[in-house]
Amino acid sequence: MRFFSDNAAPVHPRVMAALAEANRLDTAYDGDARSRALDGRLSDLFGTDVMAIWVPTGTAANCLALAALCPPHGGVVCHRDAHIQNDEGGAPEFYTHGAKLFLADGEGAKLTPDTIRAVVDAIADDVHRVQPHAISITNATEYGRVYTPDEVAAIGALAQERALGLHMDGARFANAMATLGCTPAEVTWQAGVDALSFGFVKNGAMSAEALVFFKPELAGATLYRRKRAGLLFSKGRYLAAQVLAMLDDDLWLANARAANARATALAAAAGARLVHPVEANEVFLRATPDEAAALRAKGFDFYDWAAGEIRLVTAWDSPAEHVALLAQAIGQL
Amino acid sequence: MRFFSDNAAPVHPRVMAALAEANRLDTAYDGDARSRALDGRLSDLFGTDVMAIWVPTGTAANCLALAALCPPHGGVVCHRDAHIQNDEGGAPEFYTHGAKLFLADGEGAKLTPDTIRAVVDAIADDVHRVQPHAISITNATEYGRVYTPDEVAAIGALAQERALGLHMDGARFANAMATLGCTPAEVTWQAGVDALSFGFVKNGAMSAEALVFFKPELAGATLYRRKRAGLLFSKGRYLAAQVLAMLDDDLWLANARAANARATALAAAAGARLVHPVEANEVFLRATPDEAAALRAKGFDFYDWAAGEIRLVTAWDSPAEHVALLAQAIGQL
Amino acid sequence: MRFFSDNAAPVHPRVMAALAEANRLDTAYDGDARSRALDGRLSDLFGTDVMAIWVPTGTAANCLALAALCPPHGGVVCHRDAHIQNDEGGAPEFYTHGAKLFLADGEGAKLTPDTIRAVVDAIADDVHRVQPHAISITNATEYGRVYTPDEVAAIGALAQERALGLHMDGARFANAMATLGCTPAEVTWQAGVDALSFGFVKNGAMSAEALVFFKPELAGATLYRRKRAGLLFSKGRYLAAQVLAMLDDDLWLANARAANARATALAAAAGARLVHPVEANEVFLRATPDEAAALRAKGFDFYDWAAGEIRLVTAWDSPAEHVALLAQAIGQL
Amino acid sequence: MRFFSDNAAPVHPRVMAALAEANRLDTAYDGDARSRALDGRLSDLFGTDVMAIWVPTGTAANCLALAALCPPHGGVVCHRDAHIQNDEGGAPEFYTHGAKLFLADGEGAKLTPDTIRAVVDAIADDVHRVQPHAISITNATEYGRVYTPDEVAAIGALAQERALGLHMDGARFANAMATLGCTPAEVTWQAGVDALSFGFVKNGAMSAEALVFFKPELAGATLYRRKRAGLLFSKGRYLAAQVLAMLDDDLWLANARAANARATALAAAAGARLVHPVEANEVFLRATPDEAAALRAKGFDFYDWAAGEIRLVTAWDSPAEHVALLAQAIGQL
């Protein structure tokens, strides 16, 4: 019974069906009908004109966004527990040609205007210091916490004041949206976000994320960078098809709601053991090594986080009975 | 009736079936059973211990190979019509951090020891000149020409003599093999090739190529580079599944034979119009603009190459009737 | 008797005196009075508002200019014999993060609108091809040929038409100017040049060139790039002092005239042996290996160029008697 | 009266004399007699075979060393207050093509095996995390603290155990040596240091540092990288001459002793105000804004450090009377 991560979950049947349906000849690269539909579909979703492209991984989406917002000699403020800092093998530095990540603090891996200012204000404005050019936040965060539109807007206002770009890593954007209940616009461009990595892989797709630029003029060289990174698939229609299938009838929201509900059920069982409020599909709880072993002995698979902490992640397809069993087992610890 | 390129052809049903079969939980990234099988399966095919990984595009395969064979301050000798020079948007320079491509000549986009020497011998051995570190050849070439094992071995001997790495861009390796009839070993590692981009996408896969290192010690940092380039899919099993499906029962060879046979039929019709001998699945023929227009008027889609030249490419699925019609139309020009 | 190159000539006494005079405390980096004077002094010389900074080498000047004019995913058109292609160890690729040099032809290492168009027009305007973003010309060229203002203006017009930046490598700009007799403005910004590497080291300085931006807004990140490349000397005043000393009383022109006059004397002796018209301080002449050996036996030091060609370079300090002896020896071949 | 930094002090007369003496023709780049002497002279000084080259700035020396010790996809552990992190404008990332700096703690900007381990042990050994490849320490540190041979050796042992390279930023290596009184060997290669940036500019040179590799095989591509960075001066003899002049009769030590003695005098006056023990030529002391203003009103120039702290730096030429006046003024606060 797997609660290790949502990143290896099976592909949703409707996505598989969309791949099958796309399996006929169309123009190569992103000239096919499906790829050309992305701008429109995502503009509709976000209620503004966006430029949207498929990319195969969240790391690629994040790093193309950062390269659009930060020059090689600049820097990006992110949380010290951010995926771009810890889990992408230096891809941000590769794509930006060596920009520096400035690490800020914040509870639950959430930045705040104050923690950003603490970093930025310490950087003297001269050529000896790498200058910040952008901020990157993650929604939902690495700890399953969700930024509200107001929280994002506060950061967006700071970004604008300091002339910094604002990127949102939305590997679990769907999970955040399922919780927030607001419009996608409210927590992104209306709050000052310039570019969003809109994740689908963790939420039921196979190998497609959308990189969404809310200021198309910022996208600038991104199409060239995507090609230059070896990311321009000749059969791009199979990526576009995944994105479209996820958007159709809000499958992305339905899947995220399912995953979140499972996590909420686990959270209820965890009670005082919770390390972070559960706002998406990740549950961090305190467990001694013995307790962790006891859970594993019952067939549950998960990740040891910090000392005395374990992480449980639910996915769109987490079986209700597995969740019930795990909730029970947690209760029995 | 599409003869534009093989790069947008549909995915073979057996590959689609393999994707469906892979659609259950397994370990993320390349820890799944399928990904772990690649080394063995390709070692069997090549008759030697190889290190093999999936990557999603041919550009990514080529450029990871070049990065393994050439430092940022070095250079790679390739044909001036090579894909890495003309069609990858500067990806070789991105992945190698700025290595230089040295452009050599050769009929049919084939390098020879003489044309390589002409380039390499002109480079003084001092720090003012970028020094060559590798050679990259393409088999089959951009003009559908095939290197024989002896031809590769002659280049391999030169590479060894000059301490240069040798990469083979095998975006259409299957088409070359279908023509050569030799073992995969004979035209690769036994002839001095260090790394092969083994292409499947043009030959019936959806989004998976294999990067094969014949000297695993050369692979060195490649796993880190793949991650750093945003190419390490969390659901890697769907890429491995494609490669394995293509290898099963030599589907890769069967598909390539089909495509080559179609090209041979077109070549027979083209006769004296042929620009290059047809050795794989590409047919270049002389046609005036009026003749090209006449073919298009009959419903054939293809690429205008140099002035007075058109390119016809067949794929694994090119319908025999389309080929027959096109052959007839060519005969009527 | 050295005619090998002008790049190792001694430093002019007035430059040495300027170093001595600068040898007192002033602000670090480029905050000192001399560094701050560069913009003004070079704006005066060029008759327009320029942004000018010291850099220690011509390679650094060239490559900072290219980085300002061309993004990592772009390319720069230059002559196939250009210094940036052949003699800078890949520095253009390093500074631009992997931009590609497109090699064009032209007699005497001079580009023309036609040879540039031949390269640029062959590049399809899509993401698969590296797109040209700039042109780099060298005045005087590697073969000692000089671009006239009209010739530069023709290239400048093409650059503007195609939205390409225009860089002039002026490692021997002084030698060109000494021949042209026009104003510095006429052959640079009035002809469409965006950035000039204004060389002094070959012409009597020790270790300082000026990088001049005629559109200061283009300079953008150059101050950051200079620092990031480890080129921002803490004792920058000693570099600024060199530049200022070279500008004082037009020492740069006097030195170049001296060197050019020596070359002209050699050219007269060479007569029909000349490979290129002598327009600056370089003399290329046909000489058999035996003839070259004969000259060396008489104590002359020079560079073997192509087969059957030698290169003689005069410097600001080439002794008249050495030149007379060499002219005599050439006459006796 | 300047106590702002040692980085803008005048050039020592013996260095100026050496430049004058070098002002005659010699071979270009590093082929001249002086440049060729560096390996030998520094091998003598360090009592082992070293490979030593001139570079113009400390940033260049540091970053060439890091590029030799760390691949683009790797990381370097340094103190969070290290010059390479805070004062080089991202040059380490530029030269290494995007390696990451891992920031460790330590009193007085000194790393210890424990603080290094705290960083390194937190990095999981997989492709998702940038892996550490080197450690960089600064001797004397940014706070004027000195590593003893034993302290370096403890770090060197850890480096060896973890297969990490070890770089020493010796911008003020002379000041450290003047305090330590040990042999240069003891605090460098005998303690496990692989590469040393041996600084001269802050200590009386104009524009030359030595980059010293204690394992010449590590130097590998450094000569190519130096050229590629635009750092290979054509008149390299003037840089070599500076290094040699600094080494002659241990001028480097004499200058450092002079600077250190001045700092010691200031430290005595500062007494309980000292923030860090004074072990080199930097004095950090607590001073309120009013006190700082009072010192400035008396004509002293210095740097405001953290809140309530000022930094006083002495140089090889700090006039004794200025020091006496400043000591007196500090005493009167």
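General observations
By written order: A, B, C and D. Residues from 1 in each chain.
Definition applied: a contact is a pair of C-beta atoms (placed from the backbone, for glycine too) under 8 Å apart; a residue touches a chain by one contact, two chains touch by 3 or more.
The structure displayed is predicted, hence computed values, not measured ones.
Interface comparison, B-C against A-B: more C-beta pairs in contact at A-B. Ranking all chains by how far their C-alpha centres lie from the centre of subunit B, first place goes to D.
Rounded to whole angstrom units, the spacing between the C-alpha centres of subunit A and subunit C is 50. Our note on geometry: subunit A versus subunit B, Cα centroid distance of 34 Å, whole angstroms. Averaging Cα coordinates per chain places subunit B and subunit C 42 Å apart. Counting partners per residue, subunit D has 72-73, 88-90, 94, 97, 127-128, 224, 227-228, 232 as the residues that reach two or more other chains. Only residues 71-73, 97, 127-128, 131, 221, 223-228, 232 of subunit D touch subunit B when the two sit together in their complex. Per the touch definition, subunit B reaches subunit A in the complex via residues 2, 4-5, 7-11, 16, 19-20, 23-28, 32, 55-57, 59-60, 63, 88-91, 94-95, 201-202, 206-207, 224, 227-235, 238-239. Residue ranges on subunit D touching subunit A, taken from their complex, read 72-73, 75, 86-90, 93-94, 96-101, 127-130.
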